[in-house]
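In order of appearance the chains are A, B and C, and numbering begins at 1 in each one.
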Amino acid sequence: MQGDAHAFRNLILKHSSEDVGKCIQCGKCTAGCPLTFEMEFMPNQILELIRTNQEEKVLRCNTFWFCVSCQTCSVRCPENIDIAKIMNTLRKLNIEKGMKPSPGGVVTFNKVFLDSIRSYGRVYELGMVMKYNLMTGQPLKDASFGPAMFMKRKIALLPHRLKELPLIKTLMAKSRRLME
Amino acid sequence: MCESFGVNLVEIEDWNCCGASPAHAMNEELSLALPLRNLIQAERQHLKTVLSPCPACHSHMSLSHKETEKNSAFQERMKELLKGEYAGGVTLRHLVDFLYRDIGVEAIRSRVTRPLEGLKIVSYYGCLNRLPAIEIEDRENPVMMDEVIEALGAESVDWSHKVECCGAGFALTKTSVVHRLVKEILEAAKMAGANGIAVVCPLCQSNLDMRQIELERRGEGPFALPVVYLSQLALLAQGRKPEELGFKKHLVSLSNMLLALSL
Amino acid sequence: MTESSHDLNITLLTYTEIESVKGSIGNFEVTIRKKARSVNMSKCTGCGECREKCPQKKIPNEFDLGLGKRTAIYIPFTQAVPNVPVIDRENCIYFTKGKCQVCSKACPTGAIDYEQKDELITEKFGAIVVATGFSMFDSKAYGEYGGGRFKNVISSLHLERMLDSSGPSAGKVVRPSDGKEPHDVVFLQCVGSRDESKGLPYCSRICCMYTAKHALLLKDHNPESQSYVFYIDIRAGGKNYEEFVKRTQKEYGAIYIRGRVSRIYEKGDKMVVCGADTLTGTSVKIEADLVVLATAMIPNPDAAELAQKLHIPYDKYGFYTEVHPKLQPVESVTKGIFLTGPCSFPKDIPDSVAMSGAASVGVCAVLSKDELIVEPKIAWVDDERCTGCLNCVKVCPFDAIETREVDGVQHARVIESLCQGCGNCASTCRVKAVTVRGFTDEQVYAQIEASMGKV
């Protein structure tokens, strides 16, 4: 905890514009979060860990990968801290620093989703779901729904390619993960 | 449905995916640039209002719109990357926002020819009410959908899980989470005495519909709660035939609901 | 109260409002509005026949926060002083419909006077003590706690009334929805207090202690009950306070959980309370029969209006400003006006009693002297320069500038006993006729030059 005691707190402040120093640890965020049953650290504990400069512990845990951005915490926080935004910043920091995300499934899904956009400009659901299932070793997941989805014309058999696809590809190659 | 209110809908040419949650989680510039391209396309077509059926799309487009307004460095960067500039002239609306605010409950009521009497609907907002992009008076107890449902002649039932999360993007990555959350929502709807759930988000519809079947297969429930879009209810109340409204695409059968309406 | 009403040196004027205040310390001229009770105080014996016979019995009782009912002719609570009723003209059958008059027929002394009007009296006073108290924050602002919609989510004051053996439920705590005794009762601390998002970042001081008291008394009155208290920090800094809180937990079985509650919803006839326990890092869900919210102490809704009449300053919340929060806590900035109790900031009974003693001595100090010694750093008007525009009169927050004729023109003149030396007048005057002694332009320039090393 020595050295620059405010380093991690300031890093989060820089990228999310949120200051964890305002937190009084009332726990209302944790009380309202629908995903606490999956999290290693509770939302209020994450804020405390940031405040006490424990970067490694925070970035290696699974809490922010289970955040579903429902904003319940942010809307009810008495100090008006946008906790959901902090969780989002932690996700990006984790990837930026090349750390192993846990659980991996969420990042795999995100990458597959974005790959679909890179290839077609839109999400080709069939291709995306199949690729995701294969990559996460569950090839037959939700397969029972497949025929019904086709019959009801909820998902398309073939992808649609955008006219300005090259622009999208360049955009995705050049865009910056974290803005100042 | 929009046609019935005199609104002409035009699809944005060559629209791209807004990036939704994945872009939001992985890359900040991308999550703002992708929706911005859609706004630029809309302006090229001289479209004044962009209506989104999805709260996430609406929210991300709003964020992009706001960012161009307050951050000129961002505008410059986007000009470079997207080879186009957004002039800020588009009004953004989510469907339910549009229905309530721009069309109005009275106009909706006036078009009703078959009041939905017999239907007890719970309004499920999900996380829509939390989005700063949508103006709501009371974020803990929103009434937009409820008032529209009442205007359609159905009974809008008060219940405890109006704004509880359905699990959203975890639909594929951590389905067990969705199961747990959806089960709570369905149980609350059942306890309130509803015979249908109204939604305004495609992901909510998908989660509450698809995973309801799965839960029943595992022995939970039974729930028998069809999950319908507000727009489908509106057209039903305007006298349209159920076959025309895509009811066959639903996984949970709507037969109970239609029975209650003697259809 | 009864003692003070009998003391020969005290005149108790009840059911009155301050209309206006003029003058300054030692010479206040106060106009008081004695509101019409519709009862002649000199004839009324307090027998209570009128209240017994009044047919209008369904009005929600304000003192019991709507938990009980009262009649149209009523006294606010059983120990009210004086024991003379008042007619609620908005709900009285005679005043609204022209019929009834049963109270007049029942009264043995003919004390009912339907024609009675408000009376204005003006009297001189040497000093004023402000002890106007506080109000409770309305938890409707929290939609996530039901926003006033759930019958079984009540405020601490509601519970206080129920615990009172002369209250609406004769001392038994019951659920407002069905009158049954609750088994599991959840208390929430800090509802409104310590909440930036509601504009009340301060601590209301008394709630931790009274909640402990409520949990203790609840167990006493309803022995089958179990209390849970959701808190962030327990503030028990007083004589025997900490020990009291511990006793409530040890001997009366109250379970204290550290964490705020995110939301409350109805499930059947229970209230589901979704909170957190930050000490173990878990979410906690409790199905309660009754939920009690410890709402924040806030100034009265008309606090600002009264302050304007008295010419005393107040802060952004509406609490009255004292000269110094530590060294002069009972004197308002306006000389001759003293503050006591929660009107200046949330405080408990021991502190209020102590402050009242201090304020009383302050009043004695004022009244025992013939002359007043004031700070010299106050404003004065140079008659040679004054053009009579009287802008300074308009901007003075203490009404400390009066006008008087000099050579046929109205000039400004500072009332030395009222002036606080704030300098508003000096900065407003366009011809520099008004200056504050000790802060003339020349003096300020000299300070600047000295600090820049240019002496």
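Some observations on this one:
Just so it is clear, contacts are C-beta pairs under 8 Å (C-beta built on N, C-alpha and C of every residue); 3 or more make two chains touch, one makes a residue touch a chain.
This is a predicted model, so every value here is computed, not measured.
Taken together, the touching pairs cover every possible pairing of the chains.
The greater number of contacting C-beta pairs, out of the two interfaces A-B and B-C, is seen for A-B. As a whole-number value, the distance joining the C-alpha centres of subunit B and subunit C reads 47 Å.
Note: centroid distance subunit A to subunit B, computed from Cα atoms, is 22 Å. Contact of a single residue of subunit C with at least two other chains is seen at positions 144, 263. Across the assembly, subunit B contributes residues 139 that each touch 2 or more other chains.
Shared interface positions of subunit A, defined as residues touching 2 or more other chains, are 37, 72. Considering their complex, residues 138-141, 160-161, 188, 191 of subunit B touch subunit C. Interface of subunit A with subunit C (complex): residues 22, 24-33, 36-37, 41-42, 44-45, 72, 76-80. By the touch rule above, subunit A contacts subunit B in their complex via residues 34-35, 37-38, 66, 68-72, 74-75, 88, 91-92, 95, 103, 105-111, 113-114, 116-117, 121-123, 129, 132, 141-142, 145, 148, 152-154, 162-164, 167-168, 170-172, 174-179. Subunit B meets subunit A in the complex at residues 14-17, 19-30, 33-34, 37, 74, 81-83, 127, 130-131, 139, 164-165, 167-170, 172-175, 177, 180-181, 210, 248-249, 251. Listed in rising order, the residues of subunit C touching subunit B in the complex are 142-144, 147, 149, 263, 265-268, 272.
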